[in-house]
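Two complexes are shown next, each including chain A; its partner changes from chain B in the first to chain C in the second.
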Partner chain A sequence: MSSRDSKFPRIATSRRDLLKVFGAGTALAATAGCAGTPFISRGSAGRVVVVGGGFGGATAAKYLKRGNPALEVTLVEPNATFYTCPFSNLHLAGERAMSGIAHNYEELKQVYGVRVIHTRAEDVDPVAKTVKLGNGNTLSYDKLVLSPGIDIRWDALEGYDQAAAEHAPHAWQAGDQTRLLRRQLEAMEDGGTFILSAPANPFRCPPGPYERASLIAHYLGKHKPRSKVLILDAKDNFSKQGLFMQGWRENHGDRIEWVGLSGDGKVVRVDAAKREVVTEFGTVHKASVLNVVPPQKAGLIAHRAGVTDASGWVPVNPQTFESQRVKDIYVVGDATVAAPMPKSGFAANAQGKVAAAAIVAELDGRSLPKPYWANTCYSLITPDYGISVAAVYKLNEEGQIYAVPGSDGVSALDAPLVTRRLEAEYAVGWYNAISQDTWGTVL
Partner chain B sequence: MLKSLTLTTITSLILLAGPAHANDTARDPQVALMAAACANCHGTDGKLAGSIPAIAGRPAVALESQLLAFKQGEIPNTTVMDRIARGYTDDELKALAHYFANIPRN
Partner chain C sequence: MGTLFSSRFRVWLSVLLFSLLLTPASQAEQAWQRIPALEALLAETTPLRDGLTLDLPFVVDDGSAVAVGLNFSGQLQQGEYINTLHLLAPGNPRSEVMSLRLQSPQASPAQINTRMRLSQSQTVYLVAKSNQGRSWLASREVRVTVSGCAVADPDARNLVAMETPRIALPNRLRQGQPASIRIMINHPMETGLDETGERVAEANLVQSLTIQLAGEPLLQADFATGTAANPFVQFQLTPKESGELTFTWRDSQGNEVNETRELRL
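So, the complex of A and B:
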């Protein structure tokens, strides 16, 4: 990918070149031909390209076809197997195989007739309305859905770059990073310290670092009982904090120590080779296994498409999840600014459905449906002890997303143990259901 | 007057036309979008049975009264459904109940 000063001169050049070579009519046909589909004349139901096959993108592709089977839907996703971040913490704890968080695109292809291309989306030309692919082809779209997830800000934490992540994994995108962290935990000596560095808001999966600390504490308690878990945090409050702290006391005794921002918990420098971190006020912590959950931003293709703002995330029109900056590009999932909705797989799935419904209506010339979203995030403190946060979201009269009062909240602090057990069971039920709904996976 | 009569007649005919059309009514895109988030725990179309039950094809009256009971906090040991049910008006819960009741279970 080459850098460039301005996108518009480049677009003008590429369009001019195309016209020079083919002439206007054939240029169009050639672009459509690259999509591997017959040329679609005006009057077709429309072409939608979806980039990213995670919770947001795979759901959008499926629900686009459910909404209108005549749409031509193409999903671009580099990996044939997708590993979810949800439940990857169970793998780290030795409680679930990687195959138990693996998903594929067979249902989308075979049941819904989505064309799936396993390559990277390299660039977007919002004027020509094309997506340039890593395999050299170009796709044309009437509507584009980006579900790019997160990228790590490799320049945001001193000493933490791609090479450092091979020693001190982030494991915040599931797959090889998850396997690496699991191997390190298995090799860790009894009596060692697992350190997790947690970032400031916003970041993917707000309760995720604390569930990870919980389940790793569970593993260590069973297999390396003299070991400790230390969370160094760049903030003073975190998701479901009261429930986590109560659950830690009840299940893990004093194995987990949490140090917040005002206790000098913010990590400012990482020495991955030595597995050491330095906090804001100069305290050095040495880990046996070091897990850095670093600062994040929207995935790369969102930046290439010009839909991000100065924060590095993507502002969207809440009713449709269309970009506020670029027409006909819809963005869903962790990459977006959708507060008060969290950056969760559940929310991404719900946003994918809202974007799909808006696109189906627009391409059909119907009025937009009123959007609804929901979220439930379960966290496991042990495999048998679960807690949750939930909310239903609607659009208010100012067009902003709000959590319906009474619907948003966490599990009761004084709930009996039977409720915690039930929530752990429902966490598995939720994972099975959202996997089925998103990828058609039968677990 | 004539126009509204005609509309009424057409609507009646559609309603009388039987299960296939009842199902189309259940496929109203607006209700479908409201119901779509239910799939995240109950499976696509509410058909997945597991620790969380399937909701497709259950009688509308039963679904509606259970949703209202969740909303009013009348079901002991509830985990999330009391919170979720409070996110919708009674009319919305009724529409959701009818939507899922009209989906065949298989």
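So, the complex of A and C:
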């Protein structure tokens, strides 16, 4: 057995084995009944195209092949290396190299036999059931999975466009934007102000802006101790607010100031070249480093496929994550309306498994499995001080997602430091586990 | 693949066909007649639908302060103008959210924004009435996933009275050009109600905001339990001439706050 075989999990060989290993996030109910004979293209058990190689898409591609190795699964992803938003705030704080949040598609290709094409998906024709690629080719599908993540709403915040993002990065899609913000923080003078503008709901990673402010405060405290962090927020309530506020006091003193909606915290105009923002009631704030987390929408291909609604996000049938608007297109991850599940990497991973299980069942003419999902969002206030929110989600009788009572909760307020240190360790454990599950990365 | 146009058209067609398969015939058009607060407002009239829109998110993560847009752009007759707007959330413990009286043609019924509370998933209604007795109705279904707390918002910072009135006027105002004005005051908007609508404490609400321009009434907002904490109103003013803008807030404790701004064209 080669070293690669011991590094990657082996593919189960029979369908029955596969059902056993579907793993956390998906339950397969072995109920009787048949969904009718599906149309499957000749020569294979079915062709599935997956667009997007992040938490949702890479997981879906892998679990499709685990569910039925006879499926032809093609993953379309522009980049050969994927950088995660989770733990990118550690890079901003100088606590983790970019290689520590980098993942690739070798496991999908070599172990699972997924065909990976590094190009952009340009368009979808849901009638002909084809995906047009940036390299000029066209792929046909029986089932299509879109995991497009978010796009920035460039028209939503006055003065904030692609050019502005080169001066005032969003860094809400990890990669070059993350590197740019890190360079700006390194170049920032001691005594400067880092300003983060946080958007209204819904947006990718609800606790993300507050973790970012925390870890940047940690970096500034160590290297530029006269500097401040100012969060200007379009909301009055945010994820894990009490825990963040307590953690800020305990770790960062008065370095972090948070101004909510009712305190005139909503930014309505950005002057990126001057690194200035103007709030709803006309207060001008000048930053040394300006990080604008802008309003967002589903990634472009979701709009091209016609699966988004007027909100800019994608309504899905929660049982399968199939689009409510276009048949045979499944959408997972941040692009979807899956509330109360958050727009998180963990949720995308769980949704990718649910969509994969539904597709495997449907192409095989079996009844749909009964889904459930789990999510945990860890946040670091320093690299050694972690907090979390967690829940298990199921479908209610109306077919809507709900958090199972008693399964959900946040870390305790006033917990001892040892608890916070342990949670920071669990955060690293979570990251390692989900990276292994999604991309096969061994960190 | 066909041309871009035909591809788009096919997407549209596919969406339409799939929607037809999934969506049952809607009864929403008639549902308002079963809601007493709406029936009382609309009395004997048959409300029009065209021209009135209610802009709300489809899914709300935090029901304690939901941004809502009210917009009238319908056809009016000679001498007719919109004089009142009523926002109602019948799924809240009390259905009243706010009423706006437009007291001058300089205050537009277009592009009004405010913030409301939604205690659960429901259909929200907006009624507009004209000086000639005609009425319009708009509705919007909203799903709320985390309920806004009915008794008090955690963000109210233990405020007990009104403080920090804020008013934003555009830097440059021109005669006859619509300009957006934003107004907010910090206040807890304590309903005194529990989730079921039972009174468990005394209410403490900002009851009204009145705005005058050069001594003439311009707009009055009457707030209620469905108004979010820190009452916020944004509306379009089309000024005729320069003058003093005065803003007066009154709360249920008998407090009053006054602010003035010079409006120069």
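As a convention for this text, the second predicted complex is superposed on the first by the 401 of 443 C-alpha atoms of A that agree within 3 Å, B and C clash if a C-alpha of one lies under 4 Å from a C-alpha of the other, contacts with A are read in each partner's own complex, and residues count from 1 in each chain.
Note that a contact is a pair of C-beta atoms (placed from the backbone, for glycine too) under 8 Å apart; a residue touches a chain by one contact, two chains touch by 3 or more.
As the structure is a prediction and not an experimental result, all values here were calculated from the model.
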Will chain C clash with chain B on chain A after the two structures are superposed, or do they fit? fit
Is A:G365 touching anything from chain B or chain C once the two structures are fitted on A? First, second, both or neither. neither
Touching A:P340 in the superposition: chain B (first), chain C (second), both, neither? second
Scan A:L422 for contacts with chain B and chain C and give back first, second, both or neither. first
Quick check for you: in the superposed arrangement, does A:G136 touch first (chain B), second (chain C), both or neither? neither
If you stack the two complexes on chain A, which partner ends up touching A:S407: first (chain B), second (chain C), both, or neither? first
Minimum distance between Cα atoms of chain B and chain C in the superposition (Å): 18
With touch defined as at the start, can you tell me which chain B residues reach chain A in the complex? 29-30, 32-34, 36-44, 48, 50-52, 77, 79-80, 83-88
Any idea which chain C residues touch chain A in the complex? 1, 7, 10-15, 18-19, 22, 57-62, 64-65, 67, 143, 145-146, 153-155, 166-168, 182, 184, 186, 229-230
Residues of chain A that touch chain C when the two form their complex: 123-128, 130, 132, 138, 200-202, 206, 235-237, 241, 260-264, 280-282, 305-306, 309-311, 315, 324-327, 337, 339-340
Okay, in this complex, where on chain A does chain B touch? 63, 67, 346, 349-350, 353-354, 357, 360-361, 366, 369-374, 376, 388, 390-394, 404-409, 411, 416, 418-419, 422-423, 425-426, 428-430, 432-434, 436-437
